[in-house]
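Multiple structures are listed underneath, in structure tokens.
Two complexes follow with chain A in common, the first pairing it with chain B and the second with chain C.
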Partner chain A sequence: MVSQTDLYTLAGALLFVIGLYGIITRPHLLHKILALNISSAGVFFVLVGIARRVPGPTPDPLPHAMVLTGIVVTVSSTAFALALAKRIYTDTGVAVLDASDIEAEERTGG
Partner chain B sequence: MRAAALALCAGVGVLLGRAVLSMPETEAGVAPLIEANLAASGVKNPVTAVLLNFRGYDTLLEIAVLVLATIGVLSLSASKPGTWAPVAAQADPVLSALARFLAPVMVLVSGYLLWAGEHAPGGAFQAGSVIGAAGVLLALSGYARPAWVSRFALRAAISVGFIVFLGTAAGSMLAGGTLLEYPPELAKTLIIVVETWLTVSIAAILISLFIASASPAEQLRRRTESEW
Partner chain C sequence: MGDWVTQQLPALLILVPFTAAPFAYLLGAGYDRQTALLSAALTQPLAAFLALTVVQEGPVRYAIGGWGGPLGIELAADGFSATMVLVTSVVGLLVTVYGLRYFGDLERYRFFWPLWLFLWGSLNALFLSADIFNLYVCLELVSMSAVALVGLTLRREALVAAMRYMLAAILGSLFYLLGVALFYGAFGSVDMATLRETVRPDVAGQAGLALMTAGLVLKTALFPLHFWLPPAHSNAASPVSAVLSALVVKGSFFILVRLWIDVAQPEAFPGASVVLGVLGSSAIVWGSVQALRQERLKMLVAYSTVAQIGYLFLLFPLASGGGQAASDAWVGGIFHAVSHALAKSAMFLAAGIVLARFGHDRLEGLGGLSRRAPVTAMAFGLAGVTMMGLPPSGGFIAKWQLIKASIGSGQWWWAVVVVAGGLLAAAYMFRVVGPFFAREAEDLDDSDLDPGPSPVTMDGAALALALGALVLGVAGQPLIDLIMVGAPALVAGVTP
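Let's look at the complex of A and B:
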């Protein structure tokens, strides 16, 4: 039987995978950044789930501290990614990674 | 391409799921160790003890990442770094009245969170993000950077948390201990000093990240008319 904690942790793993799929398949940069955030949320779910595995009513403080650190790192990486994406948009006029562009570039050797 | 990605993600998902289900139902982990040493950490909240004492290097590197990301965002932004142009095209009277009312309250809440972090959920990062949110709210309500905040002051505020934290870490090494090994009788004072400056830095960083990434009001209005 799957316990409540397991269900929570499994939901985190599922969120991580959904985000991973988005990062790989979505060509738009903003979608990729959003997908990365969904993945991070999944990681936090898993960590919070793991923290509940200690015996007794109070959860393990170490994974909680790691989630706090993780949130801050996610915020800063998201801000940097958004700034990069915005700069790419201002300089090139597109914010989409198109696979056909890369293939064309490879064919011409540039 | 899509099928391959789907297969990869399904594989990762199954492996993660199996890993989750194979974990023991209860596992003491490091929780008893943290509880046993809580008295020596200088604070009563175990999460704060982990963040600022037991695994202080995590937090030190975390603020380093924040400062680096801010430097990156400021250098990438097209506008002059450190400027604080109003983000909203036209100050909404209701919003700006609300911001004027809320901003001082948010600073007060932040001060409470900073103090509460010693014995309850709270701490520098929560306190800093509340001030950061107040700054973002002010920027959205059409307030520009106040004249008394010079560009140098903004940069100093961004880096002061990391500098103070690094100084404390180095100081504990020079005093004969290891990196971030606080003497128990000084631990509480040191943690509160570090957390206070961290709060200032995190607030300045979050506001700068938002201001630098946001489009200036002029550009936004143009885009609203043409593209969107």
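Let's look at the complex of A and C:
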């Protein structure tokens, strides 16, 4: 029997891997940043599920506090990453890490 | 007063730089440098005081605001923590002094001071953390300030390097946090002292440790995940490069050591420590070969960091068996982290003087440097002695301990790697230092910029760091004593 925690953990892991795939394969910086956010949502999912590990109706509050902290960290780092990406776009005209990625970018129509 | 300071030491080491940082930003031009210098001048003695307290009275534990675990945040300092805080404070103070002149009152560099103070405070917080979730927060604080510092010059290459660094750093943190989640789910705590008793090598334990390790290895830039380091470290402004190579990569390494040697018992996870050792060995060879092929001084020094990080990871297989060999490995690994921090920051600071004075750092154009910038060339050369591991230097003591541990634990092949790495380091160091001191070389002609002589405070900071790495070679015993205070059972030298 799959418990609620297991289900959340699996779903979270899946989200994490989807994000990871995006970070590695998508050349556009905006895509990479969004993919990072998907991955962090996956991690938060796992943490929220873990809060149910204690018996009884009240979940463990500590993982929730961790998720809150994690959200604060993710929001700030995303804002910073976006600012950096925008600056790179303004300076170079493209939002990629590698000039050779531009062709790949055009091929995928991103 | 003295008692109060002693009691509050761990908190003060974090509070002083964190308080100074916003002031450095708000006070702005003219006062930001003074604020940073004041903070550095306070933090350095506090760090020395902490080291002294730890040596005399043993490990320190501190509950922030009187709120202990499991809900409050606790700080802890054993010999390893105090060592890292101390080396951070020495490198930090000298980089601050160097930076006063290097950045001057240029408007576009004014963000250096608040960001650098945030980085310093975050590093102290990381080294003093007692739980693995607080370590996650500190890792992110360190990464964010480090990334911003890389992009400080706003040059195109620096911005792209910062972005690459940032993506790697956030991804590493996410892997780490996922591991923390699994650990909490399985063992019900994030406090390292509690986890030490409860961690089991079951599925959740192994998966959690594997995820945390993967994230930290990426953040430490261990081969083959080092791709982000050379561009970030070589394109940053030189004081920033110094801090990144000397201290920031050691932050994630510190957590790896805590997890593997202190919290989890390596023998419970067989094979993993050998994998880390093999990756470390590959890093030594790959990083050195790449350093040999570089055309620019700062790129060469950055690849040398990739190689030197490799030695740190020999600690894991060498310590896994316990006993005297593990104790030697513990001292060797941490000693290497310290002497590399001093020598590598000296090198980057020297490279910064070269760049500032001559406008380039192409190796082919730097022959005869010792005539135009004698102290700068000397600082670089002396730092090279530690990098090669020649006696008398901190690098020699570190490598000697690692070789002793290899023989003592019957794993002689790691000793071969250590010796080979020393020879490779000699090859790339002589490629640089040879021409610096070549009598007939006249590469630096009058067409090069030269607002020389090199500023005394900048030369002095680089030389002091290089000399510090040498002094460790002749007077390293107090540091060894400090490193052994409260050392984890595995490496405490007690035969199990």
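Going forward, the second predicted complex is superposed on the first by the 97 of 110 C-alpha atoms of A that agree within 3 Å, B and C clash if a C-alpha of one lies under 4 Å from a C-alpha of the other, contacts with A are read in each partner's own complex, and residues count from 1 in each chain.
By our rule, a contact is a pair of C-beta atoms (placed from the backbone, for glycine too) under 8 Å apart; a residue touches a chain by one contact, two chains touch by 3 or more.
As the structure is a computational prediction, the values presented were derived from the model and not from experiment.
J.: Please indicate which partner A:Ser40 is in contact with in the superposed arrangement: first for chain B, second for chain C, both, or neither.
T.: A:Ser40 contacts chain C only, not chain B.
J.: Kindly classify A:Leu29 by the partners it touches after superposition: chain B alone (first), chain C alone (second), both, or neither?
T.: The second partner, chain C, only.
J.: Using the superposition on chain A described above, determine whether A:Ser77 touches chain B (first), chain C (second), both, or neither.
T.: Both chain B and chain C are touched by A:Ser77.
J.: Applying the document's definition of touch, where does A:Thr69 land relative to chain B and chain C: first, second, both, or neither?
T.: Once the two structures are laid over each other on A, A:Thr69 reaches both partners.
J.: According to the contact criterion defined above, which of chain B and chain C contacts more residues of chain A?
T.: The partner with more contacted residues on chain A is B.
J.: Between chain B (first) and chain C (second), which does A:Ile50 come into contact with in this model arrangement: first, second, both, or neither?
T.: In the superposition, A:Ile50 contacts both chain B and chain C.
J.: Examine A:Val17 and indicate which partner it touches, taking first as chain B and second as chain C; both and neither are also allowed.
T.: first
J.: Which chain A residues contact chain B in one complex and chain C in the other?
T.: Overlap of chain B and chain C footprints on chain A: residues 9, 13, 16, 20, 46, 50, 53, 62, 66, 69, 73, 76-77, 80, 84, 87.
J.: Can you list the chain A residues touching chain C in their complex?
T.: The touching residues are 5, 9, 13, 16, 20, 23, 29, 32, 36, 39-40, 42-43, 46-47, 50, 53, 62-63, 66, 69-70, 73, 76-77, 80-81, 84-85, 87-88, 91-92, 97.
J.: Could you please specify the touching residues of chain A with respect to chain B in the complex?
T.: Chain A reaches chain B through residues 2-3, 6, 9-10, 13-14, 16-18, 20-21, 24-25, 46, 49-50, 53-55, 58, 60-62, 64-66, 68-69, 71-73, 75-77, 79-80, 82-84, 86-87, 90, 99.
J.: Quick check: in the complex, which residue numbers of chain C touch chain A?
T.: 70-71, 133, 137, 140, 144, 147-148, 151, 154, 156, 159-160, 162-164, 166-167, 170-171, 173-174, 177-178, 180-182, 184-185, 188
J.: Where on chain B does chain A make contact in their complex?
T.: Counting only chain B, the residues touching chain A are 1-2, 5-6, 8-10, 12-13, 16-17, 20-21, 23-31, 34, 46-47, 49-51, 55, 58-59, 62, 65-66, 68-70, 72-73, 76-78, 123, 125, 202, 205-206, 209-210, 212-213.
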